[in-house]
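Listed after this line are the structures, all set down as structure tokens.
After this come two complexes, each holding chain A, first together with chain B and then together with chain C.
For the complex of A and B:
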């Protein structure tokens, strides 16, 4: 079993990440050395941990919504003879192809400043991988198993719930994993619309020509996305 | 028990099952024999409404199956398919317990039933109950498939080429097991196959299909009679038809009554085919039977 050895390793990586977040404001000389022209290279406008919390809330919340929509659409797309598959796939592909920054900009007038437009953009972005994973997972259920399940007199709902979804779960989860990583990495854009997150230092840094802020925000966003990817890879197993 | 009444199925412009009328009596094992594409599986799947007929009807125990909800109907019909279709994420015991659980049996009754069924299909319960399907050989998996189909003690069993994907030795073991189980349980079984040897080994009744039509129906001896039509002759092989026919006739009925003469003795339930094989093997032209003697000439006369 590789699992027990990989779990402590993952926890160690999480600890390193949290330690780095704690240390960032205390590493003034490091940021100063990296960005000698910047007046105030240490990010101290908001606590890193509150930015982390807000970032996770935003991205995980968006994935939760996208998960429900994508799973539902994936199930719908595989029912009957799959007649709903092309329109649903097209709809979700279009939703994903809107750049999140554009989605935020378009949603601003309606949803106002803050987390709401970012949430919408992230949901649009994350639905497609969940739906594709669901469809692929359900398609992968052996037809003999379905034939046997129906032949024993299981209702369609029971076949879905007890046979199809459990067998499709690994593929669905890998779709969800893609969605989480995309969502965490993309949530940083939300700072443009005033949503607090790990992207806030990036946006503030860009506005004030402060490369140290941009580096710190970018570093922690990417690190968090990678950590989430590792953690979900373990969960999928 | 099962009666097809001009049952018809069309896919696109093609008539896959063409006005088939056929009656399978309770407790009989009826083999639907035909080449692939002859419509035999489609016909069989009308019984549990996996296929709905476009015309005609299917009666089960005197009731039109179209009037019974598909799920309720299927709880009373065992279903075994070639690819087995065990649920890979469930242990053997849970697979077998599928229908009893759907019917809401108590846990104790379910587990007792699971063990009894594992015994019935010849697999030791303590060794197999907690295995996963991927830990089974093909033959074992199909035995579990059969146990699952029998779980809620349905009066009718539908078997769609259940042994066709197995190695010959394993297949013979399962055929023997099925004959034994059929004898012990008295189920009405509709068994689809394209294998003539298997058909002759298992069938109480033989129904031969070709291009969606039923071309012959009766006991194996009747179907293989001298007046057999071209389809039957082609399926069984024109040259070997007489030999197959011998396999359907009991040796005892052709023997001359009187004191047993001739040394090699035949078991009482032997067929004329076995008698002929034994004669060829032993280089003799007469065999002893309980209460009579069988001469080579008797075999020729019967064939």
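For the complex of A and C:
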């Protein structure tokens, strides 16, 4: 098993990330040397840790809601004769054509500035991979297994709960992994609509022509997404 | 017409001869009928039009003046929805149900345009009429109903409503050209920003195409080389997968600083348009995300040729280059086109964020709209993006279907 060796390595990476967040405001000379033209190269408008907390709250909260919705929709889509499949497929095709920033922008006039439009878009977009993973996972359960389970007199609910979902779990979890990474990325875009998160320094920096803010925000957003992807890859295994 | 009919019949017969039990009512029927009924009911439940005394005050819902032309339009719309529900009950008629959904959408928009004209008659010139929530949701329901019909038709194109778009887009264009939609505030905004909107669309297309070309220039030769080198393939796919994880807004931001530094080091690069701000970071950043669909599609396509065919070709003395040109590429064109389709749709969507780094495009309108909290301006940016990506998806899906071997077709 390679698993035990990888967990400490991941924890080390998390520690490095947190250390970098702590160090970022204290590295004034470094940012100053990298961006000599910028007047105030050190991001100090909000603490990095509160931005990280807000970012995680947004994306993890959205995935929690989307996980329940997506799992339910995925289960429904595979029941009966699959009558719910076509509208779900159609929804995927449409959602693919609407970039997340467009969904956030469309929700903005209704919900106002802040975290609300981002949260709505996050839940909508995070639902899709969970739903797709659930459908693919449940579809992949061999029909012989289902027949055997039914043959032993299990009820439909018990077959679902004790046979189908456990067998489909790896595929569902990989859908969840995609959802988390997607949420972290989309939450960063939400900074455009006033949601506080690690994307905020990027947006503030772009608006004020401050390359140092953009670099710091971009670095930590990308780092968080990569870390989350690694951690979930481990969890899926 | 007769030809189309006979094609459909033979198609239905093929389906009946297939392993699947021939069911008279396709499973898409329920969803399509429910969505069509929802589409018909939504404008009546949630309102057709909203009216604002001027651009700044919040709009209030107003009823649709049901007289003359608007009454006819509304009747056509409801009949169209009914038609979708009825046509979807036969598998062979699903394409017609999809087309009917497009006609219903055109009737809906015509009704709204005519209604807006009637409501604004006698109102001050500052008054603005816009479609109410019911109309937007109804349009979405029709799009989804069409997608359901398309999903039942064939596997290659999935739920992309090709036929729906092929009718709805020209239909809406005719409505715009006839001036039916002119009273709507969205069209007034578009008229006021005509040149800006056209520039943004062209720029958006240029950025997407540039990114697609750049990604293809990297992905195509690398995929061909990686075909017989597993380690290169691992590195290529690992990099392409890793890049997907990086949030786009962060990647654009991270690219700005090094590009700005490059331009400072070699000022000549600025003449080429390469710098921290502008099209360069946007195109490079977008291209990075397109590597995965392009490379995966290329590799899958190149592996499409069956081993015995490749053996036979080698036995005839064909070189690897000839095999690539005459066997691998023609046989894998469908899968490659599938990768191109995913990449092209992603490129159009991602190009919206290009405005962030000063590259222009439709994102400029969206971000201006966000700044002013102006719904019309946001829509003016978002609707073309959605329309463009739907059309790109549908066009490439049609090409993919045309390229698919006859046995795999619908």
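Note that the second predicted complex is superposed on the first by the 232 of 237 C-alpha atoms of A that agree within 3 Å, B and C clash if a C-alpha of one lies under 4 Å from a C-alpha of the other, contacts with A are read in each partner's own complex, and residues count from 1 in each chain.
The rule is short, and it goes like this: contacts are C-beta pairs under 8 Å (C-beta built on N, C-alpha and C of every residue); 3 or more make two chains touch, one makes a residue touch a chain.
Source: prediction; values computed, not measured.
Colleague: One more residue to check, A:55. First (chain B), second (chain C), both or neither?
Modeller: In the superposed model, A:55 contacts neither chain B nor chain C.
Colleague: Is the number of chain A residues in contact higher for chain B or for chain C?
Modeller: Ranking chain B and chain C by residues of chain A touched puts C first.
Colleague: Figure out whether A:154 sits in contact with chain B (first) or chain C (second), or with both, or with neither.
Modeller: After superposition on chain A, A:154 lies in contact with chain B alone.
Colleague: Contacts for A:211 in the overlay, against chain B (first) and chain C (second): which applies, first, second, both or neither?
Modeller: second
Colleague: With both complexes superposed on chain A, which partner does A:145 reach: first (chain B), second (chain C), both or neither?
Modeller: Touch status of A:145: first partner only.
Colleague: Just checking: does A:177 make contact with chain B only, chain C only, both, or neither of them? Give me first, second, both or neither.
Modeller: A:177 sits against neither chain B nor chain C.
Colleague: Now for A:101: first (chain B), second (chain C), both, or neither, which partner does it touch?
Modeller: second
Colleague: Jot down the residues of chain A that show up as touching in both complexes, chain B in one and chain C in the other.
Modeller: Dual-contact residues (chain A): none.
Colleague: Under the stated contact criterion, what part of chain A meets chain C in this complex?
Modeller: 34-35, 81-87, 89-94, 96-99, 101-102, 105-106, 108-109, 112-113, 181, 184-186, 188-189, 191-193, 199, 202-203, 205-206, 211, 214-215, 217-219, 221-222, 225-226, 229
Colleague: Considering the complex alone, what residue numbers of chain A touch chain B?
Modeller: Chain A reaches chain B through residues 142, 144-155, 158, 163, 166-167.
Colleague: Of all residues in chain B, which touch chain A in the complex?
Modeller: 48, 50, 70-75, 79, 81, 83-89, 98-99, 102, 145, 148
Colleague: Can you name the residues of chain C that touch chain A in the complex?
Modeller: 27-28, 30-32, 35, 140, 143-148, 150-152, 158-161, 242, 244-254, 256-257, 260, 276, 345, 349-350, 352-353, 356-357, 363, 366-367, 369-370, 373-375, 378-379, 381-382, 385-386, 389-390, 393
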